[in-house]
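In what comes next, subunit A is part of two complexes: it sits with subunit B in the first one and with subunit C in the second one.
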Partner chain A sequence: MKVELEADKCVASGQCVLAAMEVFDQDDDGIAILLDEQVADGQLDDVREAIAVCPAAAIRLVEQ
Partner chain B sequence: MRRVLVVGASAAGLAAAETLRREGYDGTLTLVGDEPLAPYDRPPLSKQLLSAEWESDRLALRTADDLAALGLDLRLGVAATGLHLADRTVRLADGTTVPYDGLILATGVRPRRLSGEGAHVLRTLDDALALRDRLTPGTRLVVVGAGFLGAEAAAVAWRLGAEVTLLEPAPVPLAHAVGTEVGQMLTGAHLERGVNLRCGVTVREVTEEGVRLADGELIEADEVLVAVGSLPNTEWLDGSGLTVGDGVVCDEYCEAARNVYAAGDVARWYNPLFGVSMRIEHRTNAAEQGMAAARNLLDPEGRKAFAPVPYFWSDQYDMKIQAYGYLRGHDEVAVVDGDLADRRFVAVYRTGGRVTGALAAGMPPRAIRTWRQAIMSGVNWSEAVRTEEVVQGGTAL
Partner chain C sequence: MAPTQAGTMPEAPDTVPEFPMPRDARCPFDPPPALKALQEEAPLTKVRLWDGSEPWLVTRYADQRALLGDPRVSADTDSPGYPTKASPEGGEGKLSFIMMDDPEHARLRRMVTAPFAIKRVEAMRPAVQRIVDSLIDDMLAGPQPVDLVEAFALPLPSLVICELLGVPYADHEFFQENTKTMVRRTATPEQRGAAVREVAGYLAGVIGKRIAEPQDDLLSSIAGRVTAGELTHQEATEMALLLLIAGHETTANMIALGTLALLQNPDQLALLRDTDDPKLVSSAVEELLRYLHITHLGRRRAVTEDIEIGGQVIKAGDGIIMVNEIGNRDAEVFPDPDRLDLRRDARRHVAFGFGVHQCLGQPLARMELQVVYGTLYRRIPTLKAACAIEDVKFKNDAFVYGVHELPVAW
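Coming up: the complex of A and B.
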């Protein structure tokens, strides 16, 4: 699975970082950045949590 | 459990429905919403949608495919009108009755209004589009209420060239929520742009000419936006046997009655992290509580108390304000980083002996994230804050 992030939708809440610290980070303005768009199986639950808590619906998982 | 009904198809209801499926629930899942639209995001209504940076299609919370994959019995454009706890049924406005084994209430809030006709409110997509249509350069807009919603709308209207008057009953806007010092900083942001912010004024009614104040003064306006808070949508639960008191009253698990949970703006639950009963109208809480309610409904044996650190943000002019924790009723405020005057700072809040809140503007995210951790772990104020950082004292420790 691959994670996609629409950075222009991001509201800089940082909820994704709290949910999946190995996958997301924030730049100095708070905008989310992807550390790795490839999601390991062990991180899937965390990424799904990040998608669920993202207040901007800016994250998606896509099948490859 | 073979029939779960989620009433309310916005952020909390959607999060609940998705969580039920993610946790393996494969029975009937009915999602009822009174608006005709598929779940959409509300925070942009007073920001990017109002300013016309975004069009409506960007607000969809999920794609049609993602929604279809949930296998929902989706009933949009129909309100719930009654709950029968003993029969375990919910009555809908179209005359149908939906039976359930598990129920999640996520009916949200609606705007409070003032007497008189013709004012805008800002809660739904239609509300935002109707206001946006009228925000042309030179339009005289009166915004009643300088809370977060009113301030955001005022900021957008100002940017679009409207002539904005912002009326607030309190002496300092948002002082009850963020403290006097931070409230004054926000006041400055309006005033220096020429937004006519008037505090300590009460609006009696909306008239054809504008708004009439309690002292009789008429403030003329082409458009009026009323942003004076909201009311939980609980009337349909009257007589159901559920306890309602400024929201659906729940325990720390978000449970209101056996197999009946509430989530989002409408839920008043006991947050054990702060030791208070709270009802939170924040976007992130809606999702988190929807998830928590769904998990507890499915797994009563392993259920967990819902003990989040609330989070909200607000965009006003060029400022992004972010806050963690429960700031209401705080005893003391300290600026621990940056400077209020520069509008780049982190302020922290004390309630009792603990750090219970943090609010930042113009700071990198890491600056406030550490304070979220401090709030979560209940750090003592005296260990975290130096006396000289205190900007607004209060009752002694």
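Coming up: the complex of A and C.
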């Protein structure tokens, strides 16, 4: 699975970083960035949590 | 209060329930019983407000998130149909970008997101820990009983905001005194207004100094936007004032109300008192945010285009109120929702709202509450309320729910 992030939608709540710290980080302005768009199986639950708590619907998982 | 019979709720004008609804005085931590009944029987229903207007009340978690995340709703208090809050001071006024829509909202919000990034907030944790420890030292050295609100819950967020904004140490006392008056129940509207003007004038002055001589703090970064011509001095001051107001009384109420809720649930309090596991403390913060939910007047919006939801069309020009405290008690999302359970996974709560306006300061609020809940009961393990719960005065009529005072001893 691959994770996609629409940074222009991001409202810098930081929720994705708290949910999946190995996958998401923030730039200097707090806007979410992807550390790795490839999601390992062990990270899937965390990424799903990040998607669920993102207030701006800026994250999604796509099949490769 | 007995729930209204199913099926007789809407239509006839004299059956439109009034909002806000009263809590059950015996259950001060629970949402009003009538809200629970609506969530089960009429999750989208019209209610009547103080001014006679009739917005929709949205009580289910899924509907609340859908509507707060919908671009066809407006947070602008001037939008037709916006459900206005009653205020003894006559109107809530416009508070910078939280009462604007995109793209202007996004432009202004992004100017102040940087200090709330997770790593930046984490970097403030040692300073917050020092403030918490020092306030507890002062309490322990003083007489008992002491009002936890006055001695601890209100000064902490005020001092943290000083730290965040870059208010010089020498001015902390001035800042504390005036921010206290801004939220003091016994202050007259004139006194409160004067305190707001004092603080606004002060912040405008510091922003002026930072324009001339920038430092490494948030007021300097806001001042830089003035220099760059992106904000007027007035807008910059309003933004600083917003950050202060949004983070002060809210955090204070979570501290005091949370402590009272824990004292009423000693098994849960014991979990926090006996742990040094940051994961349990963090889980406790999320659960208390879910369970207590202090913004009891709801997130309010005006609908700008017809929206179909739950088999209902909400028309352009209608108002909507999402009462997140009842959304957070939705059994479809949180099993056994009325139980305080610090070990549950409550991360999906909507205490900070949802959508593009979701609380900007939430990482800071979380960290502050983690330090407080993780420290206060360990350092004062015998902490107890110094009055009966029946004698505690709850802020039923305030914008932000909580307790007016909480006498404690140990």
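Convention: the second predicted complex is superposed on the first by the 64 of 64 C-alpha atoms of A that agree within 3 Å, B and C clash if a C-alpha of one lies under 4 Å from a C-alpha of the other, contacts with A are read in each partner's own complex, and residues count from 1 in each chain.
Methods note: contacts are C-beta pairs under 8 Å (C-beta built on N, C-alpha and C of every residue); 3 or more make two chains touch, one makes a residue touch a chain.
What you are looking at is a predicted structure, and each value in this text was computed from that prediction instead of being measured.
After overlaying the two complexes on the shared chain, residue contacts for A:Arg48 are found with subunit B alone; subunit C is out of touch. In the superposed model, A:Val39 makes contact with neither subunit B nor subunit C. After overlaying the two complexes on the shared chain, residue contacts for A:Val3 are found with neither subunit B nor subunit C.
Legend: residue contacts after superposition of the two complexes on their common chain; A:Ala19 is shown touching subunit C, with no touch to subunit B.
In the superposition on chain A, no contact is made by A:Ile59 with either subunit B or subunit C. After overlaying the two complexes on the shared chain, residue contacts for A:Gly30 are found with subunit B and with subunit C alike. Residue overlap on subunit A between its contacts with subunit B in one complex and with subunit C in the other: 11-15, 17-18, 26, 28-30, 52-53, 55-57. For subunit A in complex with subunit C, the touching residues are 11-15, 17-19, 26, 28-31, 49, 52-53, 55-57.
Note for the complex: subunit C touches subunit A at residues 68-69, 106, 109-110, 113-114, 116-121, 347-348, 352-360, 362-363. Within the complex formed with subunit B, the subunit A residues making contact are 9, 11-15, 17-18, 26, 28-30, 48, 52-57. Those residues of subunit B that touch subunit A in the shared complex are 11, 15, 18-19, 22, 41, 43, 58, 60-62, 283-284, 287-288, 291, 311, 313, 320, 322, 364-366, 369, 372.
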